[in-house]
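Labels A, B, C and D are assigned to the chains in the order they are written; within every chain, residues are numbered from 1.
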Amino acid sequence: MKALVYLGPAKKGLQERPKPQITAPTDAIVKITRTTICGTDLHILKGDVPSCQPGRILGHEGVGIVDEVGSAVTAFKRGDRVLISCISACGKCLYCRKLMYSHCTTGGWILGNKIDGTQAEFVRIPYADTSLYPIPEGADEEALVMLSDILPTGFECGVLNGKVQPGNTVAIVGAGPIGLAALLTAQFYAPAEIIMIDLDDNRLAVAKRFGAAAVVNSADGKAVEAVMKLTGGRGVDTAIEAVGIPATFELCEKIVAPGGVIANIGVHGTKVDLHLENLWDRNITITTRLVDTVSTPMLLNIARSGKIDPKLLITHRFTLERILDAYETFGRAADTKALKVIIEA
Amino acid sequence: MKALVYLGPAKKGLQERPKPQITAPTDAIVKITRTTICGTDLHILKGDVPSCQPGRILGHEGVGIVDEVGSAVTAFKRGDRVLISCISACGKCLYCRKLMYSHCTTGGWILGNKIDGTQAEFVRIPYADTSLYPIPEGADEEALVMLSDILPTGFECGVLNGKVQPGNTVAIVGAGPIGLAALLTAQFYAPAEIIMIDLDDNRLAVAKRFGAAAVVNSADGKAVEAVMKLTGGRGVDTAIEAVGIPATFELCEKIVAPGGVIANIGVHGTKVDLHLENLWDRNITITTRLVDTVSTPMLLNIARSGKIDPKLLITHRFTLERILDAYETFGRAADTKALKVIIEA
Amino acid sequence: MKALVYLGPAKKGLQERPKPQITAPTDAIVKITRTTICGTDLHILKGDVPSCQPGRILGHEGVGIVDEVGSAVTAFKRGDRVLISCISACGKCLYCRKLMYSHCTTGGWILGNKIDGTQAEFVRIPYADTSLYPIPEGADEEALVMLSDILPTGFECGVLNGKVQPGNTVAIVGAGPIGLAALLTAQFYAPAEIIMIDLDDNRLAVAKRFGAAAVVNSADGKAVEAVMKLTGGRGVDTAIEAVGIPATFELCEKIVAPGGVIANIGVHGTKVDLHLENLWDRNITITTRLVDTVSTPMLLNIARSGKIDPKLLITHRFTLERILDAYETFGRAADTKALKVIIEA
Amino acid sequence: MKALVYLGPAKKGLQERPKPQITAPTDAIVKITRTTICGTDLHILKGDVPSCQPGRILGHEGVGIVDEVGSAVTAFKRGDRVLISCISACGKCLYCRKLMYSHCTTGGWILGNKIDGTQAEFVRIPYADTSLYPIPEGADEEALVMLSDILPTGFECGVLNGKVQPGNTVAIVGAGPIGLAALLTAQFYAPAEIIMIDLDDNRLAVAKRFGAAAVVNSADGKAVEAVMKLTGGRGVDTAIEAVGIPATFELCEKIVAPGGVIANIGVHGTKVDLHLENLWDRNITITTRLVDTVSTPMLLNIARSGKIDPKLLITHRFTLERILDAYETFGRAADTKALKVIIEA
């Protein structure tokens, strides 16, 4: 089968690989129909993710059709259309029993990282019963690719952790795909306003279309002042960090109101300065989280109800054969205005 | 001044009364600009509310202009435009300190009940600092009349107590003004669908316009079956009772899913049958609540943001001089299709 | 093997039965070392539990040693010492994914009810990976029998649902084993006082020893007055119903303070009167629950730490051969002062 | 009257001052019977608290007798015995209405900071109705001095924010008075074990007496290893920082388990390194808080019930005349083994 393989820092290729096999009774083999590329895949390609070694098939998102199931799989059978979660959950370890699937002792984020992933014609899914979701009759499968990772990540790490509430004020720092996913899902809780902060006017224009009440281009170094002006000097109840560098995290420290929350989504490669000399008495909360995908059933419900349109995030479409072009387009997002790209397998 | 006075069961009159005076340093006198009539006023007129004695000026909702403040009032001054809460809160008793203003030991629901109310040219508001809210610049004052009682009641007693959550299924039994207020505010939490149940097709049509995904006319006695069909046999996560009679409460018992909540808003005059022989092992929650109006600041924020249009509930307008007509119109809602009527003073 | 078999209303016998076999890859066979009798077993023997048919081996509590595991069981192996949960959880259905194991679509309370139970030399445990718990090194196995059902039931249905909090006042109606389990586990949250209510002075004396601050014998019909006196006329923050008849539930309705919770544990066979005409504006919460045993890992931790002594509940010990005597002793608890009886297999 | 006055960095004196007067109708004058010294007073004396200017009477803790009340005070009268909260709360601003008294827009921590404090014969208390608490009949007033600041601080900032739960594992870094207050109040939630970390063996011995399951002297730089060994390599569910320097905060970052909480109590004078490169995917929460004293009514209940003995924290007693000696003793705690010192006025 064809597969996109990580070949070491800055190297990747579309290669021919053997079709994966069932290796445990809880496995399923899924024929991929659609997958996508994540910012994390670009991190891997920079060599920043040591757990992912050369030779690995990338990709942790997608929808497909069950091709084969192991003997202990009871929830799915050959032919079922399924959504693949980016997180594999054994369903029985200490962490899974607390719904913290991200830290499953034998699962977690392993697809396209520690085991072969979804940017291929077929993929082996461990713990299929608790890591796949049935696609509801009549659902738009392309839209559901957004539920593998980006929407639960924006929602769980940003919106839920950030305690977004009706009538509150929210700032989202970073209007890339993940920040925009937070923007879309924050609206489940009717905040009074969402302020979007980024350096890219195009992305800010997208944010406006997606429901941001105000946008701030932080290129002039005056984002703090702008947010304070927008909030009557009070700051925001929730600041969502969706970039992953010290400057954006520290911006969040400066704009969060007393009693507020900083919800970190960004993948950080270095430490940040936490100004406890200013914050120790401000009654704030800071959270970090790797997505647990525990909200997937809820997101499936809400997508079905039409209260969110996940396809807003999709800007480009490619076939699996042209996945290198897809990487090129996704990697130069500032120029191509790419958000999420769909790969049809 | 002119005032609508309760004169004993089934009797009321528009009378001339002396303008109220400050009697405690924490009082304010408010000149009413707009008030409204509540279903509870009709209960009083039926003689069902023993705490309200003949001679009482009715009304516990309204907006106005501060005319005079007591010596201890610091948050308001003459000329301020204010929203009047239906609940008076001393701000310092055991219950107020728990944000349970409804049970304030010297306040609670006293306006138009134990002390004279708002259906008059002026009203005395005890504990003004914690029972009035400043009207934001540029706000639509008529819309804010809906924030005195009906919207916080629908929201706190129905939506908050009912733990409405994104993706969940909600049924609201009773599509009168209070059920519709629950319907409007439930949408702050993006439930996947809201099912509205009533006997009146006109009100169900209104519910559809206000955002109900499905409506059920229960006149045929088959509401349970209809809800079960709409929910794939599972029942609803939240059932909101907004009528106040045994039949509607027991309907909620039958349609709530395992793990669900029955949130009672209705004012009940008699006991109901609680079928614990069916429910003891269903992991359900039942709540009751007199509104605390603790959500008023949030509702002011959200009204300002335009995420809700409280004026949807207003169907008729009268001057204070014609308040008896207003009662007539409101009292025959099935015919007049009245929801909330505005009285301009 | 020997097994205690339900033979129809009021009939039971110690019979010879074939040893159970693995029937699904997720099963385990456990050799029972200790089991016990539950009040629910007595309900079955009265013919009150239609799901349990004659011929069934009773019992849903116990500890033992794994004898054999199915091919998909990965968390346990032959020889492991295990605690058996009274609730079988598949770990993958909609309810299990919400930690509501009691409503597992293919599990829940099935042991000694819909499938053969633990009052035998061996038992088949479905979904072993998510329905058994490893016994920690050095633990007192007899004590852990109390963790199969009675302690999680008292804790989850009574204490957690009842929102027991530091400094609060709690009443527990019913000082049988389950009420006493609630009493022991309520103390995890340092309530200021726990008032125990029962008709049996012996059980009330036990309650005093177990930490009740006050006891009320309700035989004189004046329990409400007694509780009001003990609480300065305010009532209790949490009322736990641990009997299961209308009179005790209605007592809870009368003693719960505004803002309080009634947490039902009792197994009710008939409806009760819910006095909404008094309670609609009291801001109370009523909960029901079949135990989910989601607190079992926590209870194992806390038992290990010595912060609770589950053996306090054990009053008698029998061998499996003498299990009919054990039933006799447990069934006449008023005379024998039995709380929980241990059966050694 | 006599009063302890801050005279600039490192300078203080016992001076004669005029008795304070009512300046607002919501004020009360309280005759101090007992007060104490806080670590924060030492911070002021180092010149580290710019809001506190020379000439200020120090002290924000104490009990006393109401001497006079303003015209709007209704909850207290001359002669009432009262507990003084370290936080003054107006009860009506945006923050007070959210129970975040620490950020009261005209109150908060002002006593002995922005206005004269309690280390004197008399003190003026603003917002008396919402900043004083009646002392229950028969209470030990000396014990209640611990409820002005140290116990609510340990409880709210450490235990509540740290989400201490039954069966969990807690580490407290810093065994000074505030860390010990967290230790005492953490036990309200029955954690399975509390590990106390400090450099001072005497304080660790005290911690053992107060209920710590294990103690770690971090002088050898191996505290992380010690905690990991004690927790089976998993880390702690809650890490409470009760020192206020980068090294102790960063220790918390290293010992918190995935899904855990770092609850900061320490007053920090400088930024700390937050290692998001390790923590971004660990699902942790970090909280900061200035005490709100919202738990004071609960702590009064629980002290009355005898479930905590606040006097354990009291090691020395002085008269107001000897308050300079009291400062000397409290300031050299390592030598004098002082925890809290009582000043009798």
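To be clear about the criterion, a contact is a pair of C-beta atoms (placed from the backbone, for glycine too) under 8 Å apart; a residue touches a chain by one contact, two chains touch by 3 or more.
Only a predicted model underlies this, so the values are computations on that prediction, with no experimental measurement involved.
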| item | value |
| --- | --- |
| Which of A-C and A-D has more C-beta pairs touching across its chains | A-D |
| Distance between chain centroids, defined by C-alpha means - chain A, chain D (Å) | 41 |
| Junction residues of chain A, two or more chains touched | 297 |
| Chain-level touch network, classified as line, ring, star, complete or other | complete |
| Chain B-touching residues of chain C, taken from the complex the two chains share | 95, 98, 100, 102-103, 244, 249, 258-259, 264, 266-277, 279-290, 292 |
| Chain D-facing residues of chain B, complex | 25-26, 71-72, 74-75, 91-92, 94, 97, 99, 129-130, 294, 297 |
| Sites on chain B touched by chain A in the complex | 165-168, 187-190, 192-193, 213, 297-302, 304-305, 307-308 |
